[in-house]
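What follows is a single structure, written as structure tokens, with notes after it.
Chain IDs A, B and C follow the sequence of writing; residue 1 opens each chain.
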Amino acid sequence: MVNPVHPAPVHRCGVHGVPEIIINKVVMKELDIWYGKIHALKSLNMNIFKNEILGIIGPANSGKTSFLRQLNRLNDLELNYKAIGEVLLDDKDIQSINPEVLRRRVGMIFALPQVLPISIYDNIAYGPRMHGTKDRKRLDAIVEETLNASFLWDEVKDRLLESATKLSGGQQQRLCISRTLALDPEIILFDEPCSGLDPISTAKVEESMLKLKEKCTIVLVTNNTKQAARVSDRTAFFLMGELIEIDTTEKIFTAPSDKRTEGYILGKFG
Amino acid sequence: MKLRKIIEFIIEKLIFLCGVASILFVILIFAFLLKEGISFFKEVSFGKFIGGRYWYPISEPPQFGILPLILGSLLVTLGAIIVSVPLSIAAAFYISEVAPIKMKDILKAGIEMLAAIPSVVLGFIGMVTLVPWIKKAFHLPTGLTAFSGSIMLGLMAMPTIISISEDAINAVPKSYKEGALALGATRWQAMYRVVIHAAMPGIIAATMLGIGRVIGETMAVMMITGNAAVIPHTFLQPVRTLTATIAAEMGETVHGSMHYYSLFAIGIILFVITFIINFTADIFLHRNRK
Amino acid sequence: MKTTTKQKIAFAILFLCTVIVVLPVLFVLAVVIKNGWPAINWEFLTTMPRNNMKAGGIYPAIMGTIYLVSLSTLFSLPIGLFAAIYLNEYAEENMLTRLIRLAIVNLAGVSSVVYGLFGLVMFVTFLKFGVSILSGALTLAIMNLPVIITASVEALASVPYSFREVSRSLGASRWQTIRHSVLPFAIPGILTGAILSLARAAGETAPILFTVAAFYLPNLPHSVFDQAMALPYHLYIISTQIPGIPQQMRYATALVLVGIVFSMNIFAVIIRSKFRKKKKW
């Protein structure tokens, strides 16, 4: 395994533009996750850089989603869940951060568009309202701003008060992105965000990801290696709960150092 | 923000309290029954109470034997179960396995309506229709008999038995049935050879809960079984049940008298019986789920 | 015999059994409507009984039942709903939860007349509420608790888990999530359960026998500490305790009671089916 904790600086000049100054946003040290007897993630050591898009690829049950849910402590909701090791966000252990505050800083987009059956407006205002924003003008501004960021504003600006469930799948997923952005997160976790979407919708979601990178850090779990190749700056390959390899996307897709990574990517590419 | 946290803390404590309230109420019910009933057992032994053949609570000296009442309850319950169980199981099968969707909805609504008819109304209807008919049909001096009570109570037990049996039948894995059908069995054969066995624990639980419902039923039995506290020999004679005894006599007792306490003692017996029935039924239901 | 013929016969028998089960509903309805309807008029519904209940109306009994049912719902709905929230949203699979479930099953099974005894000692005597609307309503409330809890748990459980996940992922607390992402979508189901339990409370007689019911009162109750007449009890006494009541009045009283209970049930069913159509998840 390449040493993931201290990647060589040469990795910076990938085609996708790894940020100029590398700052560790998240650092994981010897992280293990169990669900009951299932050992979902095994002694993971890994960093996430500020303002990068980190792609996570790997077959089913490779620990990708467990990893992702660890970052916003959504694993806490599971029964029989246990974790040891450290996850540092800006050098601070996330276990010491109030989960409600943490989840505000670390947003999440789910695999299927999970809009609540309330209006488009209320979906976006949900997070801010839960954190105490009541001012209507402020909420109006947040709604417009975040819908713009996901390129949805023009499509829905005349029907903000209609139920979000009336939107198409792609629109719903972009609404979910807006909803997450409404909390102004530092990190956004995407959990196979395009698995149910058509190519055009996928392109729009990817477009908004690339734009979001300017402001936040993005972790993208995907089943679609092509998607990782298209948008991520660095890519990590997980297999059976272990991190096999992490490197610049270019390196991973052209000259992976582990046979298993190569096998997975080739298999995927046919 | 601080205030919100405090309010949430209070609400969550309240939620917990309401959550455990059910346990508290069961304990309270039992404790209060015991509190009143215990004075009775200081005077009359448990064996004499259960085994006594005569219930003359206000004669001098009074006799507090509830054997006739227990037998009355058992007889009416037995009759109700004979009336309701076969019909209910058949109906449950029809509704869950045979009926087309539209028909299913109508029948289910009908059964819900049956469950909704107040017991006092069923008692009244029984009094004015069934009782005269039974008197005439069997040439009896009175139509107020255990038999009349069994029919009415059978009706009241049906919705319980049907809905729980239906759940049990629906819970049978599709693969069981499909397996039988794939081997060339007809739907009917699959039903009585496979599905009924798999659903059996649930059906037993349903029957038990039906029994619990019947034993505890009060108003309808009181209105149509004739209320004679004698040991019954046939279905076609008046009987008196445990529940009807409490309901009919509590209004006339002197608070704090032996008679008053004896009715609580009957209440304890009823409480324990229904507790055991429901507890056992619940075990069967859980076994079915696994 | 051919197996398909056998099946046809078997299904026909099953169908017949089902009809026998459902038929009594129609029979009861037909009997009370046919005999009771002619006696129902405005006077019957809105005046006090006269002439030893042999004439006049059943107004105080109707009002008594309305008071009782509303007051009991006031107690049972919040407690039942919160209990359901605890069971569905907070409780872990442990001994306590199993005990709670057992207690609910047991409360549902206790005989209605035993509730009457309990209400008599607990509320009438021990807490000194006397024979009153309050005592009766509390007794009915505890009796109805399992119905409301079971219906509410079902309604809460039907809200997709993902709603909770989304809400929590947006940093909402557990209670905020329940309040804003679970309860609003469970309300129709909870309402259905509540109305059904209300209907049941309206028809119950045994629990109010010793806790509230009055044979005859010349006035409507003034406070919750007064006795009250109630429809089911009224039907019971005019059909068994007082001879010489015109038969038609008994039928009419039964019709009013059945009418109230059934219309509440139908209302609940309508809410449920409307909600099912509207449901988008």
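In the analysis below, a residue touches a chain if its C-beta (ideal position, glycine included) is under 8 Å from a C-beta of that chain, and two chains touch if they have at least 3 such contacts.
Since this is a predicted model, take the numbers as computed values, not measurements.
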item: Middle chain, criterion being Cα centroid separation; value: C
item: Far-end chain from chain B, centres as C-alpha averages; value: A
item: Separation of chain A from chain C, taking each centre as the mean of its C-alpha atoms, in whole Å; value: 50
item: Length of the line joining the C-alpha centres of chain A and chain B, rounded to whole Å; value: 56
item: Centroid spacing, where centroids are CA-atom means, of chain B and chain C in whole angstrom; value: 17
item: Multi-chain contact sites of chain C, meaning residues that touch two or more partners; value: 173, 176
item: Contact footprint of chain C on chain B as seen in their complex; value: 8, 11-12, 14-23, 25-26, 28-29, 32-33, 35-36, 86-88, 90-91, 93-95, 98-99, 107, 109-114, 116-125, 127-129, 155, 158, 162, 186-189, 192, 209, 212-213, 215-219, 223, 243, 246-247, 250-251, 255, 263-264, 267, 270-271, 274-275, 277-279, 281-282
item: Chain A-facing residues of chain C, complex; value: 92-93, 162-173, 176, 180-181, 184-185, 280-281
item: Chain A - residues contacting chain C, complex; value: 72, 74, 77, 79, 99-104, 107-108, 110, 112, 114, 116-118, 126-127, 130-131, 163, 165, 179-180, 183
item: In the complex, chain C residues that touch chain B; value: 3-4, 6-7, 10-11, 13-15, 17-18, 20-22, 24-25, 27-28, 31-32, 78-83, 85-87, 90-91, 96, 99-118, 120-122, 125-126, 142, 145-146, 149, 173-176, 196, 199-200, 202-206, 209-210, 232-233, 235-236, 239-240, 247, 250, 254, 257-258, 261-262, 265, 269
